[in-house]
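Chains: A, B and C, in written order; residue numbering restarts at 1 for each.
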Amino acid sequence: MFRNRLFIFTMFVVLTIAASPAAVPAHAALEITFWHAMGGTNGKAVASLVDAFNASHPDIHVTQQLKGASYNEELNNVIAAMQQKQGPNVAQIFDLGSAFAKDSGFFTPVQTLLSADQLKQIQGDVVPPVLSYFTVNGTLNSLPWNNSNPLLYYNKEMFTAAGLDPAKGPTTWQDLEADCAKIIASSAAPNCLSLQIYGWPFEQWMALQGQEFANNGNGRAGLATQTNLTSDAAKNILTFWKDMAVKKYWISTGKIEDGTGAKQIFASKQAAMLIDSTGSLGGLTQNASDAGFTLGEGFMPANADVQRVGVIVGGASLWAGAGHSDDENKATVTFMMWLLAPEQMALWHQGTGYLPITKSAQKLLTDQGWFTKNPGQKVAVDQLNAGQATTATAGGFMGPFPQIRTLVDQAIQAVTSGADVNATLTDTKAKADQALADYNSRLTSGAAGTAAATMSATMSGTMSTTMAPTAAK
Amino acid sequence: MQPTLQSESPVAPIITKVQVSTRRSTGRPRILSHLALTAICLIIGFPMIFAVIKSTQSVGQIFSYPPVFIPGTHAFQNYADAWTTGNLARLMANTLIVAVAISLGKTALSLMAGMAFVYFRFPLRGVLFILVLITLMMPTDILIVALFRVVSDLHWSNTLPALIVPFLASATGTFLFRQHFMNMPAELADAAQIDGASPFGFLVRILIPLSWNVIGALGMIEFVFVWNQYLWPLLVINDNDKQLVQVALKGIAVSAADLGNWGVALAAAIIASIPPLVVFIVLQESFLRGFALTREK
Amino acid sequence: MQQSAFRQRWLPYLLLLPMFAILILFIYYPILSTFRLSTYKAAPNGLDLTYVGLDNYTRLLNPKLSTNANGQLQIQGDYILVFLRSVLFSALIVGGGLSISLGVAVLANQKLRGIRIYRTLLIWPYAISPAIIGVIFLFMFNPVGVVNYVWNGIFHTRPNWLGDPLLTPLLVVIASIWKNLGYNVIFFLAGLQNVGTEVVEAAAIDGANRWLRFWRIVFPLLSPFTFFLFVTNLTYSFFDIFGTVDVLGGPGNDSTNILIYNLYQDLQTNHATGLAAAQSVLLFGIVAAITILQFRTSERRVYYGA
């Protein structure tokens, strides 16, 4: 009987192996690889774009690969591969990872691979706020591609029930609070604003008030060494958020960075408004129609006391891996320029909900009547085009940005649980500056770097001064 | 540290006595056990049952508040969506191959190692066993970057051996077989010595037949281990066709949940859990095999 | 074994050779390079190493007391806190998990009709990857989700499962015990089968002494498997619950930050490779110490030979 079992096992394994399809035949075309973090429906859109490229460019073959369910997972896989000199030609890196990507030495700035004409074309076509995010010290490091903005979503039926105009949402904090008062008072909804405990809207509100997040030109003119977390703008934001919490106008799942949960609350009709990315527009429209309500869209509400400047783009960009041959680099550029062409950018927007970041794509979509059929997308694009491109709206450029965003998450959580705004911000700033010092010290190699590292490592994160490290650049 | 020989164990006389006495009929109603088990299964199984119910609902039914607990109308759409978004059939086949290969290899190596540690006395035996045991304290996921360097140097990047070979050595398996072998009567080994049986014969004709339940249990956890592998295949495999199933499934579940398609997300989660369940149902037989020696006595 | 059962002296080494070949190449070598890396400070890209000796360790183990802007005393370098938290989690997961699983295994070890269905339902959570479990739990424990709906109906409150610094760790512990129940039950079942059905039933038959008989007869006979489960549950609670912590707690949630989570944050988000390596070494040492301690003390009490 033992022999029988072993026999069966062996046959099973042999048959399974024999049944697997043959290996994929080799291509005569130049192979380039594209790693990304787009799963699900976005992944399908990537696949169809890449297939179309391969079909129309017989001399180049792009292999696209999902390398993570999140941007961070994918970045870590890119890093590990780069360390073994097995990195991809094109890597999608998320916004907050931009400074790290630039510092890592793993990527060639896209600008150096483009011809003068191509660069001019990009600079003329891509909308200024988007361009400014990915340009540092005058150099375009990566190709903007899948980008988004924050948007206010609301339930039109609940607005009507509360006596508010369902055609537009509040554009200022003050209007927002007034609307919430009406909504709660009239019981049009159990809660007013669903917003996740997340640093991202905080950063948006800094930019909307024209406040840079970090020093040295928001980290773009030189390495950032200090954050501006104790600025008036920052205090305004947390005071507003705390006020919303105290008045119970704001609801969240309690978990930090739970965007999915925040959307769940809104889609279950437990909140009248939601602040989330423009990328969620498609999904939320579908959810709304399934759940039986009409979705409204509006600009991200800002502080009425300060002149509105603009929002920061989020999302990711495409980076060109270093150390590849000239031929591969040329193919990479061909692929990138193709993705940015109006036809592809329009398709990409329609398939995923990411913003059409080029003027030519926006024109193409307008001509197709797309925005008439999708007024929500029009709101998103209008907000994108209305923003001014300043160092503040270009967004912070810091190596440890993900870590710092988490610190801001904790600050929001503390303040909405009752902590004092000023004290919390002072504390958070100290920790954030410490993170910057630590990161910068690790960038420099050699004795000077080690000395600075040891010093900042033993410094406690309190109100005491943070020493700027000897930043060799 | 040496185990007590059976003849010295205070337990032995009681066992013999019990085995000889006639069995009473239980009398006590089985219904209490049924009730207890049902209650426990409901509590433990609730999240899964809930996930299954929700996976059959449409988005509207999922988001309705108060929550709807009855199965919905969208079962086919959700499961079809989850299935077709990734190349799931192919990936499941890949994962099956890897799982079988690792299970066979791991079991064989662990059996041999367990036998070596229990039926032989040799210098460094204790040290070597501790060396095996401590590999439990640094799981692969922590070592992933260093491991990737080793695998890259071997030019195994994006290949099947990279998914299989590093996992053939198992502290868990060795540990388990060691415990199991030490738990068997010492007379067994003495009898083997007297008979002059070869070590291979001893292994194949005595140890293995007495270990089917343990082999079955180990096979089950090895299968689940491979089935749920995520970080390593994500890093090492660069070909959508060679990938393992969890990599695709997590992507599907996470992005569907983000879009609010909880039905599809949960359907993907349920699909992911079916094959290990099937393996368990099949392997359950071996758990029922007792330690044959007591009956043979 | 008082002496080898077989004559061939070289045989044990041969039997162990394949396993050690793989261990050396794929486990020991990476472990040693991690040890080495812990004495370096790495640039964020993981290359460009600078030797710093034990700097990473002093940074982790040297708590600095200071006052923050709120006037509160705080411990800078809260690795010690993270360590204590991990120990607490593990004690609950191992102790609670093994106790509950043993009870369930005894129940599931009967020749009832439909016992196979019960066992399948019990094993189901084990078969699912922790990340997917997290997704399911997140959906259920949303403040306006199903759990709060039922809870509110009974107790008239809506607990803040995902945000309360006491409830979220509790939820993580419960989810972790729940997920590993099936695993423990499988092995307890295998162990109970080895003890022999006659013995278990005989021990269960007598009325008043049933409990005592179980503890004096069956449990000691189970102890080889209990010891095995103790070690594997220990490593589970220190390493494998990462997925559950990540989804239910997430980055920035101090109340669920355990050693492995802190490590991964430094490794994957902060890209502080040397510091993460040092944490790997410390974590390794902690778990190894607990295991060897348990090995030394409990091996005496484990009854071998059924």
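FYI, contacts are C-beta pairs under 8 Å (C-beta built on N, C-alpha and C of every residue); 3 or more make two chains touch, one makes a residue touch a chain.
What you are looking at is a predicted structure, and each value in this text was computed from that prediction instead of being measured.
Asks: Which interface, named by its two chains, has the most contact pairs?
Replies: Here the largest contact count links B-C.
Asks: Whose C-alpha centre lies nearest the centre of all protein C-alpha atoms?
Replies: Of all chains shown, the one whose C-alpha centre lies nearest the global C-alpha mean is C.
Asks: Take the average of all CA coordinates in chain B, do the same for chain C, and state the distance between these two points in whole angstrom.
Replies: 16
Asks: In whole angstrom, how far does the Cα centroid of chain A sit from the Cα centroid of chain B?
Replies: 39
Asks: What is the distance in Å between the mean C-alpha positions of chain A and chain C?
Replies: 34
Asks: Multi-chain contacts only, two chains or more: what residues does chain B have there?
Replies: 65, 145, 149, 250, 254, 257, 262
Asks: Among all residues of chain A, which ones touch two or more of the remaining chains?
Replies: 73, 80, 83, 260, 264, 268, 270
Asks: At least two other chains touched by the same residue of chain C: list those residues.
Replies: 46, 139, 144-145
Asks: Any idea which chain A residues touch chain C in the complex?
Replies: Spelled out, the residues of chain A in touch with chain C are 72-73, 76, 79-80, 82-83, 100, 103-106, 190, 197, 251-258, 260-261, 264-265, 268, 270, 399-400, 402-403, 406-407, 409-410, 413, 419-420, 422-424, 426-427, 430, 435, 438-439, 442-443, 445-446, 449-450, 453-454, 457-458, 460-463.
Asks: Using the touch definition from the top, list the residues of chain B that touch chain C in their complex.
Replies: It comes out as residues 1-6, 9, 11, 14-15, 18-19, 21, 23-24, 26, 30, 33-34, 36-38, 40-41, 44-45, 47-48, 50-51, 54, 65-67, 69, 109-110, 112-113, 115-122, 125, 128, 130-139, 141-143, 145-147, 149-150, 165-166, 168-170, 172, 174-176, 179-180, 182-186, 189-190, 192-193, 198-199, 202, 213-214, 216-217, 220-221, 224, 227-228, 230, 246, 249-250, 253-254, 257, 262, 265-266, 269, 272-273, 276-277, 280-281, 284, 287-291, 293-294.
Asks: Under the stated contact criterion, what part of chain A meets chain B in this complex?
Replies: My answer: residues 2, 9, 12-13, 16-17, 19-21, 24, 33, 39-44, 63, 65-70, 73, 77, 80-81, 83-84, 86, 259-260, 263-264, 267-270, 280, 282-284, 286-287, 290-292.
Asks: For a test of understanding, state which residues of chain C touch chain A in their complex under the given definition.
Replies: Listed in rising order, the residues are 41-48, 50, 52, 55, 59, 62, 64, 66-70, 76, 138-139, 142-145, 160-164, 168, 248-254, 268-272.
Asks: Please output the residues of chain C touching chain B within their complex, sorted ascending.
Replies: Touching chain B from chain C are residues 1-6, 8-9, 11-13, 15-16, 18-20, 22-23, 25-31, 33-34, 37, 46, 104, 107-108, 110, 112, 115-116, 118-129, 131-133, 135-137, 139-140, 144-146, 149, 178, 181, 183, 186-187, 189-190, 193-199, 201-202, 205, 217, 220-221, 224-225, 227-228, 231-232, 235, 239-240, 242, 263, 267, 273, 280, 283-284, 287-288, 291-292, 295, 299-300, 302-306.
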